[in-house]
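After this come two complexes, each holding chain A, first together with chain B and then together with chain C.
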Partner chain A sequence: MPMFSEKQINRIAMLGALSLFLSTVEYLFPRPIPFMRLGLANIPVILCLDLLPSEKGRESVLPTLAYFLLILLKVLGQGIINGTMASYVFLFSLAGSFASGVMMYLAWRFLKRNITFVGISILGALISNMAQIILSIAFIFGSTAWRILPLFLGIGLVSGCIMGIFAQRFSEKSLWWNKMRDIK
Partner chain B sequence: MDYEMKLPITLKPFDWAAFILSLAIFIAFTLFGWKQGGNITYLLIESQDGSALYALSEDRTVTVKGPVGESIIQISEGEASFIYSDCADELCVQSGAISGPGEWAACLPNRVIISTRGGESEVLDAHVF
Partner chain C sequence: MRKPDHLASIVIDGIRFWTGIALIPAYLFINSPLIKLLLILFFALSVSLAGKKIRYLYFIMMTASITFFHLLTPNGKILWDLGIVQVTKGSLLTGFTKGISLAGLVFISLFSVTPSLKLPGKLGGLLGRMFYYFEIILDGKKRVQAKDFIGSLDRILNQIFPLHHIEAVPEAVSGIRVRSRGNRAGNVLYPLIWAILMGGAYLLDSL
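Let's look at the complex of A and B:
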């Protein structure tokens, strides 16, 4: 039995491709501050939450597994575009993306009524940065890595807000997205 | 047509909670970084070969090796900066000079971090290569 229907595969592929495209756009952006990242590629991941089953037994566009598959696609896309696929940066990115993916999923699943994509995106950025700093303390840099954290957290908060506002607005207003949300 | 001034989206309670939590953690770590500072007299260079402390008062150039090649760090007039690194983007060089409490610069691909360290109070547990 196939894991996803053809329609579902198409939607995952669409979101994955969008994420790859946004990674490219991000790569082309100049960085006003070193290490600054906007996190454009995360927009499809956040939006994807819209398509998941919100209550048990209710019909949904995509199963939860598809969300995590999309995160994997996002990380692979970023690895290809940024050329970090064969380095430790890739593993950090993978860990950060999955940690924040789980956090965003839980926030969305359990706080749905009281949170928008803005809060979800801020939490995602926070967890992604924390996970990556903890890994770099454990494996690469030692305790000096704590000093990097404030800058990353500050950037993450600002970019998390911007991406969240965009995703929320897009999810509310886009006709294209509303069509993606249709179950049939 | 009436133009109202309002936020483009309506925020909910946990949005604010997430924002405040994130801001609080950011402020906590920023203060933590400053507190460790005090009187800055040393530069700590950490690389895959180990870590080393250098006095910021003495001008010198230090070359360290990492996984992608060499990184060159210059200490001059009490400030330290990367002047060259064998990485693709040279973000470390763009980061500029560091001198104050809690400041750092890093070449992540080459796994080199430099950071400022305080004076007497700090236990010198680093070794020189």
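Let's look at the complex of A and C:
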């Protein structure tokens, strides 16, 4: 029996495409700090949580595995489009995306009634930055790079908050998204 | 306007990708920073032939910051004493070599990975479908407004992927992205040239 139906595969591919698209329109927004990235590509990943099964008996749009497949598609797609798939950038992106993905999923699964997309997004951004800093300390900068941790976590806090607000507003206002969510 | 990918007319995506993958360990095993810098020049030339841009400032900043963080842990002979930090030979060399190694890896990736690269298996098929949708959605890029980001994005998505399309399976998933054809001689010569170049670099490195 196939793991996903054609409808589900289509939805995952669409969300992945939206993620790639958002990463290309990121330049429309001013960057307060040169190295700061907003992480617009993460919005579909955050939104996807709302399509997963959460309560017993509630019919879901996508199975849980689809969420992690979407993260993999996002990272692979960005690696191919940007040409970084055969470099350390890809590994950093993979580690950051999956670490944050797992934590966001767990938070959504167990705290759903007490957490919004803003909280989820901030958590994801902090975990992603944390994972990437740990990797960069281990493989690139050395132990002295702990000094940049507060700066990167601060950046993660701000970008995560902005992305969370975007995701929250998009899920409330977008007609397209509401159709996607409602049609099983 | 996007620059043409000259490598695409010489070599097919798959050979280009796997040659790049083979170059990674070969490049990392070279110790001399000077030879690594020389190879980076070849990599940069290849990136340019691939029609991609290199953000040189980004790589200079990256190498400088990696070197700086290594200088904070003194190692070896003191070259200069700048008060706050002592510039030591060992730290300087380690940091700089690591910086250019990482820059070189990104360069290899830039000329080896193409948007039309097709990965095998079910995951490759899913990626193909995602890129198919991406090509469609990219047409709406100009209509995205920063001021009304959510509204404009919603209008584009509704227009491009209306409700019935969400359920439809795309008919022509493959064939949207033009795959490079390469040529027979290029497909043989491309990995061969890199093998000769890396062999030469090894010889120089071992002298």
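Quick note on the criterion: the second predicted complex is superposed on the first by the 172 of 184 C-alpha atoms of A that agree within 3 Å, B and C clash if a C-alpha of one lies under 4 Å from a C-alpha of the other, contacts with A are read in each partner's own complex, and residues count from 1 in each chain.
Keep in mind that, in the parts below, a residue touches a chain if its C-beta (ideal position, glycine included) is under 8 Å from a C-beta of that chain, and two chains touch if they have at least 3 such contacts.
A quick note: this is a predicted structure, and the numbers were derived from the prediction, not measured.
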item: Clash or fit (per the criteria above) of chain B with chain C on chain A; value: clash
item: Touching partner for A:111 - first (chain B), second (chain C), both, neither; value: first
item: First, second, both or neither for A:119, with chain B first and chain C second; value: first
item: Contacts of A:160 with chain B and chain C, given as first, second, both or neither; value: first
item: First (chain B), second (chain C), both or neither touched by A:183; value: second
item: First, second, both or neither for A:89, with chain B first and chain C second; value: both
item: Touch count on chain A, higher of chain B and chain C; value: C
item: Which of chain B and chain C A:145 touches, first, second, both or neither; value: both
item: Contacts on chain A seen with chain B and repeated with chain C across the two complexes; value: 83, 87, 89, 140-142, 144-145, 169
item: Contact footprint of chain A on chain C as seen in their complex; value: 17, 20-21, 24, 50, 52, 65-66, 69-70, 72-73, 98, 102, 105-106, 108-115, 117, 119, 123, 126-127, 129-134, 136-138, 141, 144, 146, 149-151, 153-154, 157-158, 161, 163, 166-170
item: Sites on chain A touched by chain B in the complex; value: 31, 34-35, 83, 87, 89, 107, 111, 113-116, 118-120, 122-123, 125-126, 140-142, 144-150, 153-154, 156-157, 160-161, 164-165, 168-169, 172
item: List of chain B residues in touch with chain A within their complex; value: 8-19, 21-23, 25-26, 29-30, 32-33, 44, 46, 51, 88, 91-92, 94-95, 102, 104, 106, 108-109, 111, 113, 115
item: Residues of chain A defined as touching chain C within the complex; value: 6-7, 9-14, 16-18, 20-21, 24-25, 28-29, 69, 72-73, 76-77, 79-81, 83-90, 140-145, 166, 169-170, 173-177, 179-180, 183
